[in-house]
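Below: one structure, written as structure tokens.
Note that the chains take the letters A, B, C, D and E in the order they are written out, and that residue 1 is the start of every chain.
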Amino acid sequence: SSGGTTTASAPPSASASGGLEKTKLKIATLPAIDSAALYVAIDQKLFEQEGLEVTPQVVQAAPEAIPMLLNGEIDAMFGNYVSMFAAHDKQALKLRILAEGSRAAPDSLSIMALPGSPIKTAKDLEGKTINVNVLHNFQELALTQVLKANNVDPGTIKYVPVTFQNIMSSWKGGQIDAAYLGEPMVTAATSAMGARKILDPASGPAAEFPISGYVSTQEWYDKNPKVSAAFQRAIHNAAKLMENNREVVAKVLPTFTQIDAATAATVTFPFFSSNDNPVRLQRVADWMLEAKWLMKAIDVKSLMSPTTSG
Amino acid sequence: MSAQSLAPVRPATSATRWSRRAAGALAFASLIELLSRTGLVDPEILPPATEIVGRAITLMSDPLFHAHALTSLLAWAIGLGLATVLAVPLGLLLGSVPIIDAATRSVVEFLRPIPSVALIPLVALVIGTGLQLRVTLVVYASLWPILYNTMYGLRGVDPVAKETLRSYGFGRLSVLLRVSLPSSAPFITTGFRLAAGVALILTVSTEIVAGRGEGIGVFIFFAGIAVPARMTDILAGVFWVGLFGVLVNALLVAGERRAFRWHHARLGEQG
Amino acid sequence: MLEIDNLSHVYGGGSPNAHHAIEGLNLSVAEGELLCIVGPSGCGKSTLLRSIAGLITPTGGQVRVEGELVRQTPDNLAVVFQDYSRSLFPWMSVADNVALPLRRKSMDKRQRREAAQEALDSVGLSGAGRKYPFQLSGGMQQRVAIARALAYRPTLMLMDEPFGSVDAQTREDLEDLVLKVRGHHQMTIVLITHDIDESVYVGDRVVVLSKAPAHVVGDLKVSLPGPRDQITTREHPDFVHLRAEVGRLVRGHATV
Amino acid sequence: MKTSARITTRDATRAATGTPGKHRPAPVRRRRGRLRAAAFRWLVLVVLVAVWEAATRVAGSTFFPPPSTIVTRMHAMWFSGPPGRLFLTDLAVDNILPSLGRMAAGFAGGALAGVALGLALGLSSRTYDYLDGVLQFLRAIPPPALVTVFLVVFGFGLRMQLAFIMFSIVWPVLLNTADGARSVEPLHLQTCQVFRLSRAERLIRVVLPSALPKMFAGLRLALSLSLIVMVFAELLPGTTNGIGFQLTDAYSTFDLPAMWAAIVLLGVLGYLLNEVFLIVERRVLAWHHAATQTAG
Amino acid sequence: MLEIDNLSHVYGGGSPNAHHAIEGLNLSVAEGELLCIVGPSGCGKSTLLRSIAGLITPTGGQVRVEGELVRQTPDNLAVVFQDYSRSLFPWMSVADNVALPLRRKSMDKRQRREAAQEALDSVGLSGAGRKYPFQLSGGMQQRVAIARALAYRPTLMLMDEPFGSVDAQTREDLEDLVLKVRGHHQMTIVLITHDIDESVYVGDRVVVLSKAPAHVVGDLKVSLPGPRDQITTREHPDFVHLRAEVGRLVRGHATV
């Protein structure tokens, strides 16, 4: 039930595979809703149409997939931009963004407080302890901007790293004052614990904040330009398909996440990008530079591929 | 009675000993049941023991779980085997040639405290992330107990016994293999028992932290990221791991008793 | 066969509690000779024996066996240690203990087993081969150690109080056994004992050591007529005389 | 019998004034040997570091920075502080010290528990029977699987970290101590029994010393294990400082020289702790080393 | 003081290589008596001693010390083990080894130290207190074990070949020491020896055991006149006669 290794089994049609440098791809993904586009593309045979046979490899966190990318075990990976830009900046890898993945949708992320908590408004968060998945990641980056916009001093927030599995127990145990949750936990916390939403970290300046994308190394991209284009098309087409069609997403979620069908029907999805937009992605890099997480500026456009899908 | 007051009290029969073990296990299970049922610990985090065991039993007929278990077992066995094959000769060498011990000590002691979490990305980069990653980390961690117990075991060998063989003209190697090794063998196997546990922990932990595909650790990881976490599944997985540990230990102890009859009989233990 | 030249040994040299065990000891043993060494407790007899066996490097002087300087254990040498119980290997059966050194000889498994059994028979332990050392009494363990040395057929045999833990009758039998084996196989034997009668009875020569640091204070040739015999030899006037002589020498250097 | 005292004093004076002569007395030889071993050891170390430097420079991988880079980074991060604070920077004070504290407390607790439990198991077959199954079960459990349970029972922070460290390092000490206590020379125990030594005396004066050599093997394993587990403990929810925290934080931001700095620091700490441990061991087990050395 | 009633002991009972060490042995020792036990090697003497000390539970019969059935080690008992080198604690200095049992007596540290030193003096090891057992020769270790038992001042002392590893002179001194201590402190002593002369010289009574399974084949009262003395006693016609008598009994049951 837990492997999530759905393999596109149909062989690529002879016509579609014409000219591709390779047809079998291994892509690292995360067991989270954000990776859904890839699974929808597989499920809806969009890769097959491009002549690609994609095997997802679920990893537990994005940094873990980077060695695999570097030693050629995988062709590309799904990773969050903050990590990827940091890796690029530190020259751990030469990054190439193949396709954008997910952006934060309203209510897909949430700062929440328990019913009895004195925290009522964004201002009350000052000086409080909030969990993040790991320090220095996109959660912090986005929240900082949103807090600033709400006249809260982001410097007073104390972030503690809490792994996903342990958020609920440390929250209930009072070890964190407010919880920084993503889906499906937002839905679960609201319904099961009556938690209140204090702030949406993906609002105001951080609205539609780009979270993750599909990346490979520059070297791989140079060797496989046609595959890259085909891959991007499939992902974008999947995103388009998903835009107004919850069902295609809900159908694949239980196959690679631990979200059951019932929850899948109710959770808030992020936005899945059906085109690549260097401008909104540049924001992430700029904020990282502002936070001194980067040593020098990154020109995001130079890392992106031209959009070939319509 | 105490094992050491030797004679006067008759030693317990094996039936009493097993029933005592069962009583101990039962008490432990009851404690968990109690903690959970009374709500002293959130039952969502620590489900009652009966529930855990019940889930563990249903898992037994789940082919997916079998695949997880087999994968872990394989990594464990290969890792432990390699560690033994490496550590015993190395321990013999370091324990019997002081100059080599002194020369390599700085390197060995430097390497030893490096945690496997730090090594995971580096090892993954160099040798890849499949079974080889788990096995490497298992070897790296379970090497030490065997190595150190071998080295310390050698030191405890009766010098008169060693001199005896030397006086018959046997060389250093013969003395090492014929006297030092057998006489420290009981302690080396204690090291092996330790290593078997360490290897098990490392296998599953590596799977939890960086596992892909199959493995009990992967099973536990995925149960953990569900919302809410499936604690019963996690603990049922833990239950099987623990039970496997108990089983392996019992087998090793029985093997030791058989192989080192001279040791236990001399110490006046029942066996 | 064996020459010891100005031998000295200091334990823990340099430290304040250094101990001079042997000082300036000279001794030579001819091929085929059976030399008995007697001397007060703690004088350095075992130390001397270990130097001959190459188990310790003496701090001064030289030991030569068959003309060669002893640096390592000489070939074809057997030692019966004073601490016999610790010199048996607890993980091996008695028969295996006896057979083990025979691996150095070109013997196959069956031959080794037979030789071991024969040696055990000769010390009166025919039935004990399958037992483990801890299942034997003190005297039996001592006899296993003797059997092990005998089975090895060394050219030089060093025995450190080999008959200390056996009863009078067995002791006499073992003395005769040693004499017999020596005759058959041309061994040179150095035997440490506290029993003055024994030293005169089995020895071709008796050397008396002083108290620590040990050196030779008496060296007596034992020339008793004919093959030795527990009753007649011990009654022979030369025996009685030699015994008294050795006794006097030892008593002149006792510790208590 | 009355002469003995005189004799021994004479022996002692002779030993003290005695001329070793042309042969070198043993301790000098031993001291030389130790010096040579130390020199050899440093040589090996220098050569290895040189090889490492060369190899990493040739490979040029960001993931494997050369040791010179690592050392520079270590200096900048931790050891460029004011002399008044032993050159420690704020970062060092905030991370290295808490880590060492955790490790020390965890090690002490775990070692103590291991020795106590190990002796109990080694001495009493009844205790052994009752606890054996449960302990073997616990020993096989991978701590990461229990983080959530630990979190609920112990809460965030230090208490949980200590529990985590202790739970992990107790096993080598426990098993080795139990093994040592169970294999005491039977004649020693019989001697105790004959002279009717009390349980406590028997434990402290006979069982403990005989188990010590094996116990030390366990403690030595536990010591470096406590460093390793300290790093794991600093990955636990709620941790915001420590060497382990810095290490993982460095990796998640791909600051590889910083990650290597933490690795090297751990290695150096492990090495130093081990040296201290060996000094203690040499003192405590002096009798053992001397008595089991082949004479000469 | 000590009554042994129909004692039997089987090692490894039930198994095919079970060994009958003692069978139907009866013996009683009066208060203050010094009983010597002789018998062939491996007959069961040490087994008997261990049964008296409560170290093994005999498979049959009873042992009573001062009227009480021995289940555990009786109070105020000391044993000198045959395997003396293994019975010393290697991690303690010689003085500490001797002083250790005195913790059971109400003595402070200084008193214990003095008592230990006195006992060491009496066995001729005045200077060895600070040394460790492995630094001593075999005979010296044996004397440490004797000193430990003597310092303890037991009411019942069991000695298993206590003088086997010391030279003739020291042995005689130690024999006299035991006789003297026995007289002063009203000890009951059971002493196992292989030296027939010794058994007659120190014993009030000599018991001869058969070969395994051991039972009593001879029980001789030794009535020699006056305080014993190494020279005159040994020349006394009764001594010579008794010695021959014991010798005959032992020889009738030898092993080789």
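What we mean here is this: contacts are C-beta pairs under 8 Å (C-beta built on N, C-alpha and C of every residue); 3 or more make two chains touch, one makes a residue touch a chain.
The structure displayed is predicted, hence computed values, not measured ones.
Student: Compared with chain E, which chain's mean CA position is the farthest off?
Tutor: When every chain centre is compared against chain E, the largest gap points to A.
Student: Have a look at B-D versus A-D and report the one with more C-beta pairs in contact.
Tutor: B-D
Student: As a multiple of 5 degrees, what angle does the CA superposition of chain C onto its copy chain E give?
Tutor: My answer is 180 degrees for the C-alpha fit.
Student: Starting from the mean Cα coordinates of chain D and chain E, work out the distance between those two points in Å.
Tutor: That pair's centroid distance is 46 Å.
Student: Hey, how far is the Cα centre of chain A from the one of chain B, in Å?
Tutor: 39
Student: Taking the mean of the C-alpha atoms as each chain's centre, how many Å separate chain B from chain C?
Tutor: 48
Student: Could you say which residues in chain B touch two or more other chains, in rising order?
Tutor: 5-6, 42, 45, 121-122, 125, 158, 163, 166, 209, 224, 229, 263, 266, in rising order.
Student: I need the residues of chain A touching at least two other chains; which ones are they?
Tutor: Touching at least two other chains: 63, 66-67, 70, 165, 169.
Student: Mind pulling the residue numbers of chain E that touch at least two other chains?
Tutor: In chain E, the residues touching two or more other chains are 54-55, 72, 83, 86, 124, 173.
Student: Using the touch rule from the top, collect the residues of chain B that touch chain D in their complex.
Tutor: 1-6, 11-12, 16-17, 20-25, 27-28, 41-42, 45-46, 98-99, 102-107, 109-118, 121-122, 125, 144-145, 148-149, 151-153, 155-159, 162-163, 166, 186-187, 190-191, 193-194, 197, 200-202, 204-205, 208-209, 217, 220, 224, 229, 231, 234-235, 237-238, 241-246, 248-250, 263, 266-269
Student: Of all residues in chain D, which touch chain B in the complex?
Tutor: It is residues 36-38, 40-45, 48, 61, 63-64, 122-126, 128-134, 136-146, 148-149, 152-153, 171-172, 175-176, 179, 182-184, 186, 189-190, 193, 199, 202, 207, 213-214, 216-217, 220-221, 224, 227-229, 231-232, 235, 244, 247-248, 251, 259, 262-263, 266-271, 273-275, 288-289, 291-295 of chain D that touch chain B.
Student: Which of the residues in chain C come into contact with chain B in the complex?
Tutor: Residues 50, 53, 55, 73-79, 81, 83, 86-92, 100-101, 104, 132, 134, 152, 158.
Student: Which part of chain B faces chain A closely enough to touch in the complex?
Tutor: Its residues touching chain A are 42, 45, 64, 120-122, 124-126, 128-129, 209-214, 218-219, 221-230.
Student: Which residues of chain A touch chain B in the complex?
Tutor: So the residues of chain A touching chain B come out as 1-3, 5, 31, 57-60, 63-64, 66-68, 70-71, 73, 164-165, 168-169, 172, 184-185, 188, 192, 257-259, 263.
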